Structures are given as structure tokens and as C-alpha cells.
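Which chain is which? They are A, B, C and D, in the order written, and residues in each are numbered from 1.
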Amino acid sequence: MAKVREARRREEHEIEFSRIIAFSDGVFAIAITLLVLNLNVPAHIQGDDLSRVLWDQRQDMFAYAISFAVIGRFWIVHHRFFSDVTGFDGRLLALNLFYLAWIVLIPFSSQVLGDHGGDPAAIVLYSVNLSVVVLVGGLLFADARRRGLSKVSDEDALENRRRAGFIAAIFLASIPVALIDGHAAQFLWLALFVPVLLGLMRRG
Amino acid sequence: MAKVREARRREEHEIEFSRIIAFSDGVFAIAITLLVLNLNVPAHIQGDDLSRVLWDQRQDMFAYAISFAVIGRFWIVHHRFFSDVTGFDGRLLALNLFYLAWIVLIPFSSQVLGDHGGDPAAIVLYSVNLSVVVLVGGLLFADARRRGLSKVSDEDALENRRRAGFIAAIFLASIPVALIDGHAAQFLWLALFVPVLLGLMRRG
Amino acid sequence: MAKVREARRREEHEIEFSRIIAFSDGVFAIAITLLVLNLNVPAHIQGDDLSRVLWDQRQDMFAYAISFAVIGRFWIVHHRFFSDVTGFDGRLLALNLFYLAWIVLIPFSSQVLGDHGGDPAAIVLYSVNLSVVVLVGGLLFADARRRGLSKVSDEDALENRRRAGFIAAIFLASIPVALIDGHAAQFLWLALFVPVLLGLMRRG
Amino acid sequence: MAKVREARRREEHEIEFSRIIAFSDGVFAIAITLLVLNLNVPAHIQGDDLSRVLWDQRQDMFAYAISFAVIGRFWIVHHRFFSDVTGFDGRLLALNLFYLAWIVLIPFSSQVLGDHGGDPAAIVLYSVNLSVVVLVGGLLFADARRRGLSKVSDEDALENRRRAGFIAAIFLASIPVALIDGHAAQFLWLALFVPVLLGLMRRG
């Protein structure tokens, strides 16, 4: 039914191409910033002092930190992927939108996690959300590559797959752990920060 | 009263032109991301477990998925339209803003739909909102073309009209159905995903 | 105390310059999109049907329409102004931020207007907010021009002043009217749409 | 474990580089605009008039003004810093994200400040948040410079350090003051506006 369109070359459609990137960046930037709305303190506090109420937000703060790091990480991966993309078509656009739909869900999953961190269902929701992001992202990247829309080198593709696999493995592993102990599952997630810390500690 | 301005050629005013696109993309990106705010789970759940509460959000999730797909689709159409625009004037800007005003309403209509999905009024609100987007979009595109501000080919214009008409037809058709059965009307909307699925299944 | 910096020429600092525009556009796009958050319908409606509740939102819808048109209009004026800017310095940046601070207030004033449209205080708040935007905008434009940072022609500067003055006049005039009759003051605002309608009706 | 990547030169990766800036600008623009959500007036006011309720928002308005000025200021500093950046690598990206995570927290700290301005805990939270922004920003700038990724002149680096130090000093100084008198601490913050006012008063 729909007309078969040729993929458009990036260099001939630079403006259209940069719109795809600008739109994606906008979605990432908004999703990461909306995380702050999950933190809040009631305007009127009765019979309790503010420092105590703030301290009770530590689970929300934890969810904020994890989710900020995770969305930031996905953005970097998306960023690297698109720097190697050489053309686009309707299918790439559709997959990219599908990918973004799962990124945008993260503030919701993160809010549930912040409010119900001890409940296995919250951990499972969060882990499933992030695992699907990784899965769909991998599909997007592999599909673009297979169809010749990406000039990513084999080495970098492997590197990306390794990074994505690392994130997915942690979240998938945390699901069974969560069914036993929700807090233990979240400790597992701290492993996400290891590569970042290694990167920061490495001498420039 | 207002001075008659000549349309400005795109190539002579590249920065101004790209601002129009950047602003529109920003609005699309924010509107699509605000959809996540329609999903939420109370911080304190009494006498019910979280997985049950999450399950009760399925109507909200459905509204989220439909609205994300719809706004994404409109963005792609807008994107294609502007890639063929060769000039702009105050009227194009005004129509584009008017168009965006209806895009920005979608998160509201979507929230009503998520909370009151069984109510015909919610379906009618949502269908009217999306039909107006298609109508105003068609007006915007046709007007720019008629006044020589778009170099879209006849073939692509027809294609765009066909896509827009397809979306509008589904939503308009769902209004009478909604008055009889709200849930049936929403099943009708699933037809929106057919072209996307066809696009994804088509071999690259 | 602070070092005197020379104004930076636009053509030598294109990236920095376009960041100022991109940031401003982002703020405009977000402010205009946040207007939708002022529309909402409770998730649980008791003893009343949805179509009635939606109908009761008409004052909120009115505030949405007016504010969308107004922010959109200010964006177009800002857009035209910056297309003639040839350089920037710290003072231009500071004034631009001060201007944006009043743009960002509009969703708040608009929310108060939507919820308390019959109350003179709501009309005064809204009118003052928009008048200050026009005033600060005028200051920003005049200051840039006086210091040689804008190559706007005399004719266009006059046109801009006339447009801005038209908006400011309507809102300032509505303040005394509001103290007598809040609804009459809002009817006055409909005059804002006259130039837009004239523009749309003008043959292309 | 992770492959050692070379820093990428800005001029060879202009699109990737501008995405980093666009993403950061997006985050700044959204964070500054979300401040408006901290202002709100209940839809139904009982036994009190609207002008009184608006007047009671003055602490929220104060928090809005201070936070808008502060985020705007940080944006200008970030803007200047990146105009001198000549290359980027994973570490710069990670530090920039870490920096942004503290920028995005400001609307939260600002909300707490607006609602609980007289409480020392609110002042301390706000002061700590802003001091960490300055600290992490200083780290980001110094690190990029040390590793040859920034061509900022010694003079400008000094200037930036002086500006950042000025902001940090005010907020750190306000912490002990807050423990004695919350309102006095906030008066201290008004000193932040001194350089802006000096800048505006300076003849063009």
C-alpha cells in the first residue's frame, strides 16, 4: 500500500537528518529533566521537621541518581550511534520513535521505584523498562547496520554491544533477586556506575 | 493595517528558517514527553498491592502508546513537509502555531482518555482533537503549496494527503462507534499501527 | 570589578550565537507546551458526567488559547528581532534572560486566570505579566539597537514597536475594565486575534 | 576493560559536538522553565480572596527569581566554557552529565525553599545544591583545560574562576547564617544580583 521509499542519504538531506537528531535530543533532555518532578516535599508539614522529611526522600534521591545516570548513558550511546549513521528511511524513524517511547517511560518507572522501592513489582517494572530500552536500541542499531545505513566499524559495534549487554545483564539479573529482596536488587544496580568511575579515574 | 511582507526565501534566511523548525521540534518533543506525566501511581497504597495498581493503569498505558505513536507520526509528516518548504512568511508562521496548539492539546485529551476510557465523551474529545490536527495540518500544507512556498512533488503531496486522510478517517469513524461502545471505538484505533507494522516488516 | 568585555561579532562566534537562540527557543517552546498542564480533569468524577466536567473547563480552554497565541506572538517578535542582531555581549544576555523570566511566568498567570477568571486580581496579574513582557522586550530591542548590536531597519523597528504597543495597550486597558467587570476585560483581549485573522484572510 | 578512546577533535566531529551543546542547552532550558511549576494557586479558595493568596506566594516568587537568575548565570558560564572547548571524550561527557544532574536538582531545591523558606534545612539544601554545581563545574572546566581540551586563555579562566568563586562563597557563607536566621541568609543572596546590576548600569 505505502510507496517504497529509497533511504535518503545523510549528506543530501542534512537538515532533515539533523532534525531527527534534534528531536531525539529534545526527548532525552526532557525525559532526564522531568526526573526532578519525582522529588517533592509537601508544602505543609505537620508535627515533623523538614530535615527529617528530606531524609525520608533518600529512596527518591537514589531513584533520581540511578535514572539520571541511566538516561545519560543511553543518550551517549544514541549519540555515538547516530554519529555513524549515513542515511535514513521511514523504518529507521519508526524504530527510533519506538525506542524513544521506552526512554520516555523511565521517569514513570523511576517514580514508582522511588515511592515503592521495597516492593518487588517496582523493581521488576524498572528492570523490564530498562531492559526493553537496551533490546530495542540493539535492534535499531543492528537493523540500521544490516541495511547499510550506518558506517560503524566492527570494533565500535562490538563495543556498543558490550556496553548495552552490560546494562541489560544487570537489570535482568536484578529481577529474580528482587523477588527475594528488593533492596539487594538495587545494590546490584550500583554496578552500573563502575565503568563511569573507572572512566573518571583513568588518567587523561 | 499591517505592512504586506514578502515571503522570505529559505536560502537567504537559513537561520530564521531553522529556528521555526527547531521551535516546532521542541514543541513536538515536549508534548510527546509530557505524555509520561499521565501515568502515575499514588505514593501510598492502602490495602492493595502495587502489581494490582499497575495493572489498573493499563488503560493509561494504552492511551500513552496510542498518543506517542500519533504524535510521532504527526512529527514525521511535519518533518517531511518542512523538508520541501522553500520560503516562509507571517501567515505560514501563524498557521504553524495554530497547528502546534492542537498538537500540544494531545497530552490533555490523552489524559482524559486514560482516566475515562469507557466514557463516550472522552473518545469524542480525543477523536476531535486528532481530526482537527489532521485538518489544520492539511490546510497548512495546501496553503504553503498553493502560494509557492513548498516544492513538494505532486506525488508526495498525494502521499501525504493519503496518510493524513487515513488517520482522520479512523478518528472520525470512531466517533459514532464511541456513542454506542467506547471500547470498540478504541479497538478501531489499533488500525493506526497497521502501516507502521507493514513498514517494519517490509524487508530493508 | 568585572572586566569590560567587547561585544562579540555574530559572524565570528556563530556557534555561541546560535546557542543563545537555541536556548531562547527552548524556553519559549517549553513555556508554550507547559500550558497544557493547566488543563485537567479529575480521574474520579462523582455524580456528574464527563461532558459536563469538560464543559466547565471552558474558562481554562480560553486561557489556554489566549496564552498560546500570546506566547506564540512573542516568539515571532523575538525571532524577527534576533534575525537582525549582529553581535552580543553580557548585557544582551542578561536582558534576554530577564525577558525570558517573564515569558516563563505566563503559564502560572494563565493557570490563575483559568481557575479564577472572574476575579479582578487574576486579570490584573495576567495583564501585568504580559505588559512587563512587552516593556522588557522593548527595552531589550531598543538597547541592542542603540548600542549597534542590531541592524534592524528603521521601518522594521517601527513596525515591531507598533505591534508590541498594540499588545501592551490592550492589556493595560483591560486592567481598569477588570476592576469593574472581569469578563468584559477578557472580551477586550479577543482584539489580539484581529491582526492574526487579517493576516490569514489576506490573499497569499 | 573499556577501550581507551582518543579525544575527538571538535572540528572533525562538529555534529557530535553540537549535539552535546544542544543536549546541555535543552536541559538548562527545561530546568529553568520547570521553575514555574513551583508557583501555584489552588483552584478553589475558601474564605480568602485571591489577591491575598497571591501575596502569600511572595516567598515562592522570591525563590523563582533567585533560581531563574542562578540557572541563567550557570548557563552563561557553561556557554562561555564550551565556546573554548576544542575536543571531547567520554570523560568530558560523563562530567558534563554529572554537572547537569545538579543543575536539574535546582527546581526541587527551589521548591523546598519556596515552601519552607524560614526553615534552616531549606536554606542549607539550596546552598549545598548550588555550591556543588559550582564545585563540579569548576572540576569540569579545570579537567578539560588540564587535558588540553579547552583553549581558554589564562585570563578568561581566571575570570571564570572568580565568578564561580563569588557565587560559591555567597552560598557557603549563607549556611552558618541560615542556622541562626533563615531570612537573613536569603538577604545575603541578593548580593548575587550586584554584578548583573553593575553590568546593566554600565554604559554600552
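The rule is simple: contacts are C-beta pairs under 8 Å (C-beta built on N, C-alpha and C of every residue); 3 or more make two chains touch, one makes a residue touch a chain.
Being a predicted model, the structure only gives us computed values, none of them experimental.
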Pick same or different for copies chain A and chain B, depending on whether their interface residues overlap by over half.
different
So which chain is farthest from chain B, going by the mean of the CA atoms in each chain?
D
Chain C and chain D have mean C-alpha positions lying a whole-number Å distance apart equal to 24
What is the distance, in whole Å, between the centres of chain A and chain C, each centre taken as the mean of its C-alpha atoms?
34
Among all residues of chain D, those touching at least two other chains are 22, 26, 30, 34, 37
Touch list for chain C against partner chain D, complex
1-4, 13, 15-16, 19-20, 22-23, 26-27, 30-31, 34, 37, 90-91, 93-95, 97, 100-101, 104-105, 107-108, 111-112, 115-116, 119, 121-122, 125, 143, 146-147
Would you mind writing out the residues of chain A in touch with chain D in their complex?
18, 21-22, 25-26, 28-30, 32-37, 39-43, 45, 49-51, 54, 64-65, 68-69, 72, 75-76, 79-80, 82-83, 155, 159, 195-196, 198-200, 202, 204
